[in-house]
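Below is one structure. I have some questions about it.
We just call them A, B, C and D in the order they show up, numbering each chain from 1.
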């Protein structure tokens, strides 16, 4: 069988240097070993898939294990690395920046690390932002703060100009921390680099608070996001019970995927309805949302509703899509819309209700990483550096099936990850909230 | 000199019973002593006031010390007490409810405590809410949660109907937890009770997250409010620095008084502008707010603005006042307005800015009380109970000059407390933020 | 190939009833589907293992997917379930209790749920603890608190007596939340039940704050543990820098496994030394710990040391093992020992040092679950219930390779999970702290 | 009447310069006014004191209002200021450092600010610590961290040597942040300066987590201390209820004064016994502590005990006092002692108990300041600077009767503030815990 598969990572060329890291090479020496390139991990765990491969002779899709390689493409001590952060904020960005700088400096002895300010804009000289030098001292405490130390911006810049900037600054490797658009952007940069036969490795570290990057277990910052949202739900519940027929509507992030809404509702089981982009629901009708809400109020005199920002877009009359600078579809505000619809419905029924609308989005996204994400960010950063040093390019470092792996950027950007309504996560939410399976 | 002054509290009548509490009566017995009615505290601490009294022979205004009295008006074991919570949520309401129930039950052996549901509505039988019985078991854990265990509502009810309900339920004392409107309401109830010569004590425990009750040191929940707001400012600062010319606008509570905005900005010194209702500011002009903001961005490339919800109302064209059910003037949304004005201004200057608007109001107001407020709430509750048992009525329990006292409701509702722009608090804010003294 | 393997779960007998849950049965109906018993997951993800199976014809070890079954062994509406919590506290126990009660009541309509008080003692009538009835109302808020609502105790009780109690109370299924000893205990109960041919399902939900249950991704409460420890490390670092040659020693849980120490140090990268039970280290010698610490102080004038409670046991002269009531080896206090050794060492060198010893163990273990653990606990509880209803017995519900599965208790109790010193986790710790690979 | 009284502050000499601050000078100009030296505040608020003064013609003791003066002793732009932090850690030290630096730099234009490292040791050249220069940039973020940015040490140094160092470095004003010993130390420095007729202002900012500085409302860091302790008590309660006859003992700071123990117990009302240094209690006897504890366990099967570190010292056989480097009496560990005594008592009664001993001292003292303390620290720092600039010396800036004032160091160090067992605070604790008034 051929070992070639869709998860293979591109390399800039054959390795030329030995790693400066003093690691073990064989089991039993009580030392961590360099990762052998042939050591790969099966992607699909179902035994049915195993049998399918067995009967057809097809190789299973398998992924490269992340970690330090003994043979490097780059001469570590002469490397110039650059880091850029793009798109919206997400807890943990500073942890990743810090981890990349520390790994480059302490593990490989890299002397020159460039911080690109304000996202891809920082790679466009016309924008007038100056590149900054990064050192361990400068980034030592940044993990305790949310936001991005480097600044960010939305949207792309001309790929050729950006590669010009990288070349002009003798950059050997670019670490791009960002979401779907950013990853596609850095992949395009990698392709331009390839066309020029420049030897610059481009690496993505997937950042999306919505947790909608495909294939991977979860994206960093996501656990912090629902950890921060959780006490807000607890208190919103107290808002709801604090008034007769009190209704709290909390809008959480989730443009196309409802992971934060679903997980927050599971984490703080005071929620009665979760509305996510993946589900189709009606407001009206005997089995519609408003009727279900009315039923809830009759029973308990209060209700807590969590709605993902991208939910219920089909409910708006006007369908003209608006895109923001990153190319994401701009959504109408479903939270405000729901508040109005609920208010009108109960007014028509002459039922007094007290509705509170809470939008904690910015509070969630600029929070510092919690401990779990902090660990995750450090390890992602370390692996990203190991991969780049080995000359891999156009890949992301991530975790799949609870193991750290490298995956081609092109694979994780094929589509967005969404909640499968037939999967156990969504089922758990329905179980926990007690909301009807269908609202239409 | 006569001992009569404006801070004297009304009594239902002469005391008839001995307190069931076994306290000390004289210094040195290592036991807390009953409070002697003649033990009062001077209100105005300035030595000038002292000299004024001295030279004119006028008695200084002095307040009754709060605490348990040896002689009670009520026969504790036969008392029926009622508790009602009104108006918007504020951290600590449940702590006060718990404290009142515990004090009534454990200190005085009161057997019957009634919880009035959903504010003054609960005293109007037409509303159909049922009175609930409160016990130590029911309220044992409620201090760990925000909101109000009893439910609340805005606005008043017919005073005669409410007094009818109190009499019909043999209520001897009513504890009303609420703000300016609630206190005026319970005072009106007290007056109707007086007209009927009913022997029902009415007690207020001032609740206003805005900290705008006059005369008192501060209202409960206020410290929690800016404690909860503080990390939100910290993270909003990271939002601002995360973008080129990033501007974060955070709207905090404060309809007529800017205490939360001012204190939060002092607590988390990342704020560059604080706009409060007490100040008059212009957007335009060389010394106006927009110019100052522009100057700030030129210097630092980011800015954090805290605005109290009642600030800048003079800026709206339409001045038609709208009142909510509690009679509070409904304000236009200054936060949204500011965002639009700032956006337009920099658009006209062709300066790119990124503006984030954050409104954490509901997150702040339904948070659980922090430790300082928790202690304060317990002690307020205890004192309220002691005062009611002694037959005092139409008073609030509170803290003035760092001492617990009783004050007539009529005195604290004469006007709202506001930040004095010539006082040291506001000066500290100007010092801490570095914002210009005047923005007009 | 035979489908029989070591991960197969025992059943009480053939299913007799249809599930009362109304789920989907096929893909595409937008409804969660019942889990098909044949749907299993490969345990070992390495492609080498795949090839090994392929070439030898051996079936890979595979695990049963967790989730609701269409065919049940028990008649849900007539089931009596019991829950017991054993051993030391761990964040999330109450979440699991709540989840089990909610799932039994709402998903399956179970009417009778018994809470066993104070661990296995509660199944021994001689101890005099009374069984309690559990309802959704009783457990509704318990997830917000640490500890265990049911009480716990260490150590086992006579198995026959415990089974007698289960039978006397008509218990159909027993959910045991506990660590290694508890799981072995409930397995022994299951074996006695088998001997009696009683039809009682026994289910384990692995609880160990040390994260030392074998095979599974991680145990609940573990993430909370290092999340709570993390700011304590941050502040301990400030203690260290607050004095000249300041040294903070923080002892964290970890009798045989250093997962909490390692993860907390990764999460809060202010730590300079992590000492865990899995590593052998010397105090003395040129490459020993004390010399390394001295070197650190010379460089930076402060140091932060995290030590797992079970680390360095070889350093004690007296090797007499003492066991606690659960049979766990009682360890000498390595933290105090280290403090003494460090103090003596620098005294002998006439180097002034200031040492602070911090033991936050009880603060960590009785904290409420964070959001991630809260979600995990709910889902574990739901799956435990589904498995029991299907008549499975002597199994644990857990997560492996990021998927929810059932595993025989006997498999997870074969040995304790430890940190592999050659694995990437430990390597990350060494990278993050900069401590020498060996300290001997 | 003469205006001279014990609260008058010493001055270095007559003012020579005008303040560079542009403030108002009269009411109504919407600008904060310079503080008039004659504007003083009465210390004793009781109306009895007023009448006493009236009848005797004695002036009441009154304090100087803190705040900026129009006339300064120093030429602000040429000032060299120094800051030193001494003794144990306490939340808020960094906030005070930051506030002093910001006030000196921004309000007065001071160019040279010296940080003295590691307490008074830093003023003794023999110790070899180098003075550091402080700037707004260096201290900008330090308020978000516990500990002290400057380092601290215990104990004093030779006063003459310290004054030599101040003179050698042309220091004009020294801000000393520390407790009782530190304040006495800086007063002695001030006296030596006086003997030399050097013109150096010495200012104290009282720092004592125990809140035991006399006369003042409270010391900074104290509110944070019981705020941090409060959830630890909550969780310790869950430890206690998690075992049959579970007993949690939590030792909190408080060498001579039980304010933290008392306030934490009030803030988190799950505590059954509070033992403080001010009270005399017996273990044995019918009305002793152990009997009361036994009674509690019989009733409720669990108990939570908070003990201040300095409580029950009379219980130790050996009375040989040991002093630490600061001259504070070193206390035996009452927590461990209590645990042993309780264990022995119930063993003798053959009553099974489970005792957990929790000592969160270091976790409490190195926490970052909460919002209330953060505001307090900034304002204290500002006032300290204003006073020094005016040429005042040997004073502390603090808050009394809820107003900011200056007080001579000699007045606040006459004795330690303690809980008055006959005061309302302690009574509230007894009420809240339900513990007997006497335990002897």
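The rule is short, and it goes like this: a residue touches a chain if its C-beta (ideal position, glycine included) is under 8 Å from a C-beta of that chain, and two chains touch if they have at least 3 such contacts.
In UniProt terms, the chains line up like this: A, B, C, D = ATP-dependent 6-phosphofructokinase.
In this text the structure is predicted, and so the values were computed from the model without any measurement.
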* Structure fact -> Contact-pair count is greater, between B-D and C-D, for B-D
* What is the chain whose Cα centre is as far as it gets from that of chain C? -> B
* Whole-Å gap between the CA centroids of chain C and chain D -> 42
* Could you please state the distance in Å, as a whole number, between where the Cα atoms of chain B are centred and where those of chain D are centred? => 28
* Structure fact -> Note: chain B residues in touch with at least two other chains are 144, 234
* Structure fact -> The residues of chain C that touch chain A in their complex are 22-24, 27-33, 39-42, 45-48, 50, 53-54, 60, 62, 67, 98, 102-103, 106-107, 143-144, 217, 223, 226-227, 229-230, 234, 263-264, 266-269, 370-372, 374-375, 378-379, 382, 401-404, 421-424, 426-428, 430-432, 434, 437-438
* **In the complex with chain A, residue positions of chain B that touch it** => 89, 117-118, 121, 129, 145-148, 151-153, 232, 234-239, 241-244, 246, 248, 356, 358-360, 362-363, 365-368
